[in-house]
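For reference, the structures are reproduced in the following blocks.
What follows is a pair of complexes built around chain A, which joins chain B in one and chain C in the other.
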Partner chain A sequence: MTGDKSRAGSAERQRDGAAMPAPPRARPGRPLRPAQLRAQASAWGFIAPVVAYLVAFYAYPLYRNIDLSIRTYTVASFVTGNAPYSGLANYSRIFRSPTFSPALVNTAVFTFVSIAFQFAIGLALAVFFYRRFRLSSLLRALFLIPWLLPLLVSASTWSWMLNSDSGIVNSFLQAIGAGPVDWLTSPHWSLAAVLIANVWIGIPFNLVIMYSGLQSISTDVFEAAAIDGANGWQRFWRVTFPLLRPVSAITLLLGFIYTLKVFDIIWIMTRGGPATSSTTLAIWSYQLGFGSLLPDFSSASAVGNVLIIIAVFFALIYIRARHRLEAT
Partner chain B sequence: MTVQITRRACAALLALTAVTALAACSSSSGSSSSASSATGGTYSLWDPYPQYNASSAWWKLVASCGTKAGVTIKHTAYDTTALTTQALLAGQQGTSPNILLVDNPVVSTLATAGILTTTAQNGLSTGAIAPNILGAGILNGGTYGVPIGANTLALYYNPKVLQAAGVSPASITSWASLTAALAKVKAAGKKGITFSGINTEEGSFQFLPWFWGAGAELTNLGSSQATAALTLWTTWIKDGYAPNSVIQNTQTTSWQEFQTGDFAFAENGTWQKAGAATMGAPIISIPAENGGAAPVPTGGEFFTIPVQKDKASYATSAKIIQCLSSTSNIVTTDSTLNYIAPTKAGQQAQLTADPSLSSWVTAVGVAKARTGDNLGTKYPVISQQMWTAVQKAESGAAAPASALQAAQSAAAAKLNQ
Partner chain C sequence: MKRRSWWLTALGVLFTAAMLFPVYWMINVSLTRTSDMRKSPPHLIPVDGTLEGYSAVLRQQLPYLGTSVLVALGTVIVTLALAAPAGYSLAKLRPKGGGALNFTLLIAQMIPAIVMTMGFYTVYIKLGILNSVWGLIIADSTIAVPFGVLIFTAFMSRIPDELVQAARIDGAGALRTFRSVIMPVSRNAVVTVSLFAFLWAWSDFLFANTLDSGGALQPITLGIYAYIGNNNQQWNAIMATAVVASVPAAVLLVLAQRYVAAGVTAGAVKD
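The block that comes next holds the complex of A and B.
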């Protein structure tokens, strides 16, 4: 670097040269062309690891997933690698499968209900903790526990608690005079059971992000609103909530993508059952690919791609909404 | 600067190659096989027993059999479900292990994938092995491995509970007498029977004794016999003879229920016999609908020899397997793994050491391979539909007959694809 610096004659030139090409007008002319080339090359050198990373861990797996879904892979052709091209046949088969519509409906219900409750409860708690009181930080830390526990632990605990015969929830229900509920074994309740567990797990995430969003709002705004005579409710709906909109948007989007692909909680608690009553697209994809002794990788990846398309669709909506927000 | 750019480019290139290499050689352990010749070298062995480590008797036996064959063995243990995927991936990459121990219903899947060699190719002898246990390894006339041992299902019972209810275990010979016993147990204030009716392969495994015991065939899930078997289960749940939790029970959680001491019966496998002995729970065979012992499915792994570039290695692999499955060795191995030996001589030796095994030896004697009758890779498709139907009926989402008929048409549609 030192040699190069003396040649370029200016430390400043050098600094932005390495990061990005400087505007052409500021360049003294020909003698510096090789230096600029080198700067370009070194810029690429900096980018290369990221590009390699993206290609190896994102582009290639995605390409493989699409490739798997547009060919008919059997166990034999998976090994030999000569699966015949079958176009969209796998997709049309999964769309016509009797599992598709329950899985899609379950995914939609699971995602939207989870997010609605997680977000509402998370926001309410964030507002609650915004007013500091004695032990508030201890309480807030306690609320983070679901987030710290390994999912395997929390899901297993929930499935014990919701056990029909020996679960604590049913003994509580019986103690207060309500009949027992077959949380995990009834086709009407299993989705509700996994929803409750998932809402509980998702609250801390919403709480933390909304809380930090609240912290970034200047207290002057609240003071001004209070002086203008706004009551607590009005201050929340007219001031806090609109100012939290950017944070809310990203929380909802992250929550959406995160919930869309939830697999572990459902798999541990119900295995997607009974029958298909708590099967989401993610569970179905796993069942096809790894759930039986005979893997069906093509259908499994087709279901996986449908999930990706849904996630991308909502991400696009988010980006549009952001643009509109920034424009105003 | 030039030096630095080159260095950076090199680093980037290195990073890229490292990443690609990582993706390509996820299972490098097997790749050494091509380098090993008939004598000397390293042979790889994969098994689904992650509970054992290098200090266990099983690993020591494997190592000593390797030494006898003049090679060192690289021993890797995988989780049962992960092993199938690992074996398929290794087959795709051409890095299969020299010896692969897999769960018996997976043998036909891997054989269909073209990963495994037949005994005709690899020279393994199958002479003394009981045909019903070997059945899972046979596909289209080829035998793709030899069993390490077999386990199966039976009805464990709690003598204290039965005595309190006034039921004699000897009286249970058919579904009717079993249901009558369950009614008496319930009347005495205890719980009837626990099993695993979960929506995975375990659920199918546990349902098969009743399914086969009614005379149903896997090729026709919608038959009236199949409906009778499923109706037996759903009636038990409805009448409170079996707890609602059987819908979600794995065989382990079902066993935990039985261990509470409240249950009269538990349908479970050979692998629980040590725990059963400590709680004083003997077994009876699972009754068929109209009396006699129902056919039960075999469990247990097979020794297989995956396809290698170096065909000469098969002889050494076969030698190692013959050593591991020789009567004296297999008795020790099967006793640690809770298996019944696959040969008459082996079973005799096990009985001499532990006479309490006799009812298990009888049970294994009438057991059937799930993938037998040349079902092969049709079995997984049928099994998946079967456990789905069982789940629907147990949870009340559908009646047994309509659930099974739907399962039959779904299985038929998938098999005709």
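The block that comes next holds the complex of A and C.
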């Protein structure tokens, strides 16, 4: 997606280490000539607003978040403005909390299971739509709808569909002779319920990306495989799938990062309950900070920072994968 | 291909119908009478349909819808104003530190919104912009700005350098070039970024619920949320509001499908 310029820039950055700014274009080691200085000044003029914005509305809130997590912040602190420094006490408290391990396990299960189903179904549909039949582009467009709907809308709809007494899903299950399931109110099923809704929402994203990944593969390759006598199954596993590997890696990583932060769906459907059965780290953080009349911002931001560390870990792998894709 | 494509089409229609069933169900429930709501098995089509849900929307939800339009448009303007110039600079002017900025934007995109809410909350309390539309616009724009810069950068680096050089030879400065040469040919990027900024701001629930839950002007997501909390029985009104809240997504999909696809694949697929 990025053009030649930024690709060259990223190659240079890799050579110099990721944290270093890109070197000047003029031969390195020499001071900038006045013309170059003027060019740099105008180049910076155009990015200055975004840089200021990032500092004010990303860096500063994040700094505040770290600050919150190493102090004991109470409702009174908002008024008086002072909160005693408490070091890593908030972190050790959340690690020892009985909610921590269910939240971590639920986050992992929710993320991995969501991704596995979204990706498998999305890829299968991409391969299906790649065969281009009458109405295929219209139907493919319609598939985008679940992804475009406000999450709150999807979550409310699924809540009603999965309602124990009046939901269509249980009516259907009863019609085929299966028992009614307390999707949202049983601790055994609540995570499955939010997973179903989340997989549904994520399928279009995977479909669209894998479809355009397929389109970027030259049709010659498929023709050559067909001439060599490969059947459809072999063509997929031996030709298509290996060629899709870079795009797949990126789709999966983006999926991980997006799924880690899912909040709306779970909050609307189960509020993380019953008990902690569908509580993820994002939900737990919200519950601590905003879920009760006695907000515990310090613990909430400590949980949030744990979530950031996990997200950034995957983000760095993603950026590496992207560079590798662009280098090919 | 022609001869056997009919069964592919049939299969495709079947898959699409299954996928869109929840959307159909939302519409069906929005037209169901309250007295039929708990019927078992439920009506599969709205027999004896009613518009009482929609009249409840008209009576109670219009201010929420208006606020959502305002917030979404505000977010689009903020996002474009910040992202387009930055994209131009990163694509064409080679600023020192541009690579580091790109890297920062990629990371910024990955930060969970739940973490941002707490930082924003403490900052907004101090600035006194908690529960204000402006505060919500700024918070919502953080979802779209990094994406916007990446889209503009990618798009603008495909504009031929000759075009920029020709403008310079004609005596245009960087600002003039940006306004009169770059922006007019970047219409597709503007549409893609605006569309996503609008949809994300329109759909936002988390920022609205934490930063604007006591505000005089609240967006439609909070309207639905209040419905769910208050009158658990009136599901036709809840679903009617949900249907109305889905209209922008549907309109944008019909009018701008290729831009949607372009935005989804940005960053994931090399072209």
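Quick note on the criterion: the second predicted complex is superposed on the first by the 281 of 328 C-alpha atoms of A that agree within 3 Å, B and C clash if a C-alpha of one lies under 4 Å from a C-alpha of the other, contacts with A are read in each partner's own complex, and residues count from 1 in each chain.
Methods note: contacts are C-beta pairs under 8 Å (C-beta built on N, C-alpha and C of every residue); 3 or more make two chains touch, one makes a residue touch a chain.
Only a predicted model underlies this, so the values are computations on that prediction, with no experimental measurement involved.
Once the two complexes are overlaid on the shared chain, A:Tyr53 sits against chain B and chain C alike. By the touch criterion stated above, A:Ala43 is placed in contact with chain C alone, chain B being left untouched. Looking at the shared chain after the overlay, A:Ala76 reaches chain B, while chain C stays out of its contact range. Of the two partner chains placed by the overlay, neither chain B nor chain C lies in contact with A:Ser101. With both structures placed on the common chain, the touch criterion links A:Asp165 to chain B and to chain C.
Comparing chain B with chain C, the partner in contact with more residues of chain A is C. Of the two partner chains placed around the shared chain by superposition, chain B and chain C are both touched by A:Phe290. By the touch criterion stated above, A:Gly273 is placed in contact with chain B alone, chain C being left untouched. By the touch criterion defined above, A:Gln234 reaches neither chain B nor chain C.
Using the contact criterion defined above for the overlaid structures, shared-chain residue A:Leu125 touches chain C, although it does not reach chain B. Across the two superposed structures, the residue set of chain A contacted by chain B and also by chain C is 1, 3-4, 42, 45-46, 49, 53, 57, 60, 78, 159, 165-166, 290.
On the chain C side of its complex with chain A, the touching residues are 1, 5-6, 8-9, 11-13, 15-16, 19-20, 22-23, 25-26, 29, 37-42, 81-83, 85-86, 88-108, 110-123, 125, 138-139, 141-142, 145, 149, 153-154, 157-158, 173-175, 178, 199, 202-203, 205-206, 209-210, 221, 224-225, 228, 235, 238-239, 242, 245-246, 249-250, 252-253, 257, 260-261, 264-271. In the complex of the two chains, the chain A residues touching chain B come out as 1, 3-4, 38, 41-42, 45-46, 48-49, 52-53, 55-57, 60, 74-76, 78-81, 98, 159, 163-166, 182, 184-187, 270-277, 290-295.
Within the complex, the chain B residues that touch chain A are 1-2, 4-5, 8-9, 11-13, 15-16, 19-20, 23, 81, 84-85, 88, 91-92, 105-106, 109-110, 112-115, 198-201, 243-245, 247-248, 377, 379-381, 383-384, 388, 391-392, 394-398, 410.
Touching chain C in their complex are the following residues of chain A: 1-6, 9-10, 12-13, 18-25, 39-40, 42-47, 49-51, 53-54, 57-58, 60-65, 68, 78, 125, 128-129, 131-136, 139, 141-154, 156-161, 165-166, 168, 171, 174-175, 200, 203-205, 208-209, 212-213, 216, 247, 250-251, 254, 257, 260-261, 263-264, 268, 282, 285-286, 289-290, 297, 300-301, 304-305, 307-308, 311-312, 314-315, 318-319, 322, 325-326, 328.
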